[in-house]
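Reviewing the structure listed below.
Chain IDs A, B, C and D follow the sequence of writing; residue 1 opens each chain.
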Amino acid sequence: MDSLLLDIVIKVIFALLFVAVIMSLAAYSVLGERKVASWIQGRVGPNRTALPGISAIPVLGPQLVKLGIWQPLADGVKFLFKEDPLPGHVNKLYYCLAPCIALVPALTTMVVLPVGQYMDGDVVKPIILANVDIGILFILAFGSLGVYGIVIGGWAANSKYPYFGGIRSSAQMISYELAMGMSILPVLIWANGPNSGLAGLSLFNIVESQQGMWLGVWMPIPAFIFLVSLYAETNRLPFDMPESETELVGGFHTEYGSFKFGLFFVGEYAHMVIGSAVFTILFLGGWNFLPDFGIESLHWLSDPWALMPNWLGGPLSVIYFIGKTLFFVFLFMWVRWTLPRFRYDQVMTLGWKYLVPGALICVVAYAIIIGLWDIAFAIDQTPAIVE
Amino acid sequence: MADSETNLVTINIDGNEHSVPNGMNLVDACESVGVEIPHYCYHPKLSVAGNCRMCLVEMGMPMRDRATGEPVLDDDGVQKIGWMPKPAIACASKTMPGLHLKTKSDLTKECREGVMEFLLVNHPLDCPICDQAGECRLQEFATDYGRGFSRYVEEKNVKPKRTKLGPRVTLDDERCILCSRCVRFCDEIDENPVLGFTERGSYNTLTCFPGTQLDSNYSLNTVDLCPVGALTSTDFRFKMRVWFLKPTPSICTESSAGVNTEVWSREGVIYRITPRRNDLVNDTWMADTGRALYHQVEAENRMKSFRVDGNRASIGEATQRVRELMSVGPVAYVGSGQMSVEEQWMLRKLAEVEPGAVHFVYHQGEGDDRLISKDKTPNLRGGLLTGLLKTLPETHLHALRDQLEKGEVKTIVCFGEDLVKAGIGPDLLKKANIIYLGSHRNDTTDIARVLIPTLTVFERSGSFVNQQFRLQKFAQCVPGPAGLLPTTALLARIISEIKGDAYTAPSNPMLWREMGLAIEQFAGVEFAKIPATGLELDSSAFAQLPFVEEKGWHYEPAAEPAGAESSAH
Amino acid sequence: MADFLFFLFSALTVLSAFLVTVSRNAVNGAMFMILSFVGMACLFLLLEAYFLAALQVLVYAGAVMVLFLFIVMLLDADKARSVRPDRLTIVAATVGGLMLISGLAYVTFGPSAAPSTELPAITEMPQNATAENIPFTTASRSFGYGLFTKYMLPFQVTGFLLLIAMIGVIVLSKKIDASGDEPAKQKVAKS
Amino acid sequence: MAVKVVDRSPLNFWEKTYMPQVLGGLKITLDNMLRPKVTLQYPEERPTIPDNYRGVPTLVRDPNGREKCVSCQLCEFVCPPKAIRITPGDIDDSDENAHVEKRPKDFEINMLRCIYCGMCQEVCPEEAIFLQDIYSVSGYSREELVYHKAKLYELGGTLPDQHYKWDRKKEAEEKVAAGGHH
């Protein structure tokens, strides 16, 4: 019983740690967004917010201020202390519920997200809250719940622009979920191939299966489809139909203010961070350092963390993983400040007429390729088909 | 001149035929048909001086053969026009049959440019500080007929500025264009010749004769007359630019002469009062004292709040208290000649609802035989016409005092009259309940139980009947203090409070419809259609009353109906 | 612990399912339905059917109900008048419901009910498992293996059935006018 | 007018995917990201204000320190948003500028109403009001942003005056007073 209690306590502590990391990553993504936007536009970005005390430290303090390090704090405090309006015409329950629904799935999905590895004796184990077998399904399932926040929020606000935002969002999310789900099938086919043992749908196994080559390299089209769908699922430009400031004022969150808006806002960035992490895991080899091309003697290249002591290798793998993730977060912003928004019909056309068929073709093509690969190189290990 | 009204002749102005009265001054004749002849020195009410030369026009008559008297025809068979070789001043000419005028010819234009150039030689270009700017004839004609640029490079004359001609008139000599209107006014109209020109040539200067000053009660008319900013009113000087001011037609309440005025206000503040031309009442003149009357609007002793027993109250509380007080015992009313006809009519309606004797005070003072009569109220005759008065009132309210002493009157409803001044001692007044409706505080208001503030003549509209039995309208010039109602509305409210029925504020046209039916002299009068120059009423019923007014400029104290008037000049 | 969770989630499922039927507001109904699905997913979790639980959330809560909600919001179902069912419908529904309940009771408690036996031990996928000896485990791989081997035919038939349904829906929803032609496509301005 | 229909040139495969354009766009934004920033750090760094800038309207004095405004109220008249309010007043005889006769007793400009159109500057016959280079107006209350005469003169300062109208007038007056030719 004591060990169970201890287990629970440790899990809770880990969970809190995860939440803290993800939330601060989301918060700093907001800062990153503002910085990237300003850089692209030839500006400097937030560089004024100072924290009393720390900013008084010579050299370092002003530098941090210049980087805008304290800006997310100021933003958060601002969200907290702003007047919290509750418009008279809204459906109060759903109006208040929607921001929570928007944030919770994003935080839930991180439960099955491996962020690094450590050595338990000789066995490589993932740094993860729950190493479940159905990891990717879990992420897809909860990711798909995120749409409710937007739909309910847009509907509960009971006014026309939020409503349009909500309607657009639901259609867009459903369309791209399909393409997204199908684009990862080749990855799973590969991960569950004969070379990789009995992997299942666990994300850790997917990372392990990419030591030879990152899947993004030889599955560029599924990777691309996944990335595009990811942009659509997180409502990022060029797919931010639910918000589309130019036509819908603020889209689904037009009627929201203060901390409720803040939840939507942070939820979007949390989605973005988690999405980037998932992409890294699925197509970019997770925390694998560099591909080793399946050559045994080069194994140290793909997994140098295993050779290090745990106290060094574990954190390094996490840091490397976060680094890769942050690159994709940056890519999100880079794309946002480069591409214009699609028209709604273009979004639908792209989703249904190009991405879904493309993903289907990829599934078939990679199934054949992997099947042939198996026959050619690992025929004897292929599971026999019994009656 | 009497027959000139009917005797129309045809004259030709710039090639167009116009029908104008025979023998009319050419400037006026042209103005009556919409052709402007610029002029400075000419004024329709003054003698012709002809010294500004601005009204130069080309004149001609149809040619006739001297010997035979036959018309001289040109090749087309049209009678030739014999144009005068030089231009002539229009102001010194009169219309005659067949007269031909050129007001827009090159010669005329050149003449005007020349005159303007001479006038501007020494005229300072200080329009920004000149109070006349905006209504300055020189400014207007300089833009309309001037050359547009100056050829004058020498130093301008320096003349005295800010000369005090009199207590109310300031002269800026540099601006004077020597039109002599003011001199002629003092001479001919005011009959107080104190102004004259000294020095010669370009040093010609307007001054008062030694030992005199321009202190007549009509001195400010010279300011109105002055076509430029030379003569300015010391009161109005540098107060406000005239283009901001909105003129509203009103009637002077100084005396029963009923001088027509224009009240100039901006954003609810009155800045000056000027006479409004009415050839049947005041021509274009006005007394200085009447021009200062606007100060009463913002006077210190102005009443602005309803008071019941000395405490501030709402209008509802005040009217309720009025009803209570009026029901305690016999009521007497003290009306006033300061009330408009409409208000007097409403008072009559009140007196019918709550019967009581109506008293007036006859305010008599000095008259000047011109535009200030001996009766110091503008509308005593309204009281007669509305039936409040049967005969002329006394100067003092002795009858009411006697009644008070005997205890026959418990409540007095007083309309702006100072009862203490009217001969009722304060101790006696304290025995009665006094309901006072008035605009300013006085000895009586200290005693009154209910004080109801009213609007001044500038803040309400209505009509007065002047000494000639001429019904004249005045319009609201500025909004009254917040919360105050016109006296007609107040009376309507009191009546409805007493009767216990619903209150609606009566409008003047409404009241006039009632009065037209009830009062013989008002039959057929519509408020909206009372002309700007007033409407003469049938005064035969009051012909025998001994009014105190003496002969004025347009008034004969007639035993005969007052309508027949003879022009003083 | 497991019992407590079972009762908790069953209560959640049943209660929200009940609320779906009685709630007047269509959006409320849809939300309760989602709650009901989530509750059911939790029950699947208690049965260690993780794959099924994830699919339940993914397909029903994540996709189907979003479409439902989409339609409900689009039609503004709040304003729909409440229809009082006629007598026949009430009788039929009552009879049908009673039959269903009695059937369920019979199956659960009747003589032919499945005996209350221990469930087979569900284990982790052994590390050394090969294709031949994949046991029945909680792992999705074993699930997939079963699907493509033992239950191949039902799986294919179900898939075919779904395909037919899909084609049927498309055919029905495509309006074809009397002449047999498809209605002219609306021109979309090309930007 | 003849209409000529120009066919769009057909796209090749890569152009149809739009990917080269997207990548080109990304390259442009990346290049921009690496360029030096153009931001002006406002309160510390100030932009250079061009001479004909229309900032806050101010009242100016002539080189002798005389207030140039004679309260002719033309600016008040012309002001489209009615931001200007002048209380005219005369100059005391004992004042050294008595020859000007008139000046504003108070001169208010409501900066919340002002639209910086410059019509007051254009209309001013005395060249007393100028829209100068002050562009940052702030205050804690509405009353604070109604600038009065003292503040307007403080903002305006003294401008080199090209016109010596009033000085010449004074000289002429003095000459006459001294018995000279007038």
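Following the convention adopted for this analysis, a contact is a pair of C-beta atoms (placed from the backbone, for glycine too) under 8 Å apart; a residue touches a chain by one contact, two chains touch by 3 or more.
This one's a predicted model, so the numbers in the text were calculated from it and none came from an experiment.
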Subject >> Pair joined by more contacting C-beta pairs (A-C or B-D) >> reply: A-C
Original post:
Which one of the chains is closest to the middle, using the mean of its C-alpha atoms?
Top reply: D
Original post:
Just curious, how far off is chain C from chain A if you go by their C-alpha centres, in Å?
Top reply: 28
**OP:** Take the average of all CA coordinates in chain B, do the same for chain C, and state the distance between these two points in whole angstrom.
**Re:** 95
**OP:** Please work out the Cα centroid separation of chain C and chain D, and write it as a whole number of Å.
**Re:** 72
Subject >> Inter-chain centre distance, chain B versus chain D - centres from mean C-alpha coordinates, in Å >> reply: 45
**OP:** Could you draw the chains as nodes, link the ones that touch, and say if you get a line, ring, star, complete or other?
**Re:** line
**OP:** Give the pairs of chains that touch; include all such pairs.
**Re:** A-C, A-D, B-D
Original post:
Which positions of chain A touch chain D when the two form their complex?
Top reply: 36, 38-44, 334-335, 337-339
Original post:
Inside the complex, what are the residues of chain A that reach chain C?
Top reply: 91, 94, 132-134, 137-138, 140-145, 147-148, 151-152, 155, 163, 166-167, 170-171, 173-174, 177, 192, 197-201, 343, 345, 382-387
Original post:
In the complex formed with chain D, which residues of chain B make contact?
Top reply: 124, 127-129, 133, 155-159, 161-162, 203, 237-241, 243-244
**OP:** Report the residues of chain D in contact with chain B in the complex, numbered from low to high.
**Re:** 70-74, 76-77, 88-90, 93, 99-102, 125-126, 169, 172-173, 175-176, 182
Original post:
Tell me, which parts of chain D touch chain A in their complex?
Top reply: 22, 25-26, 28-30, 32-33, 35, 37-39, 41
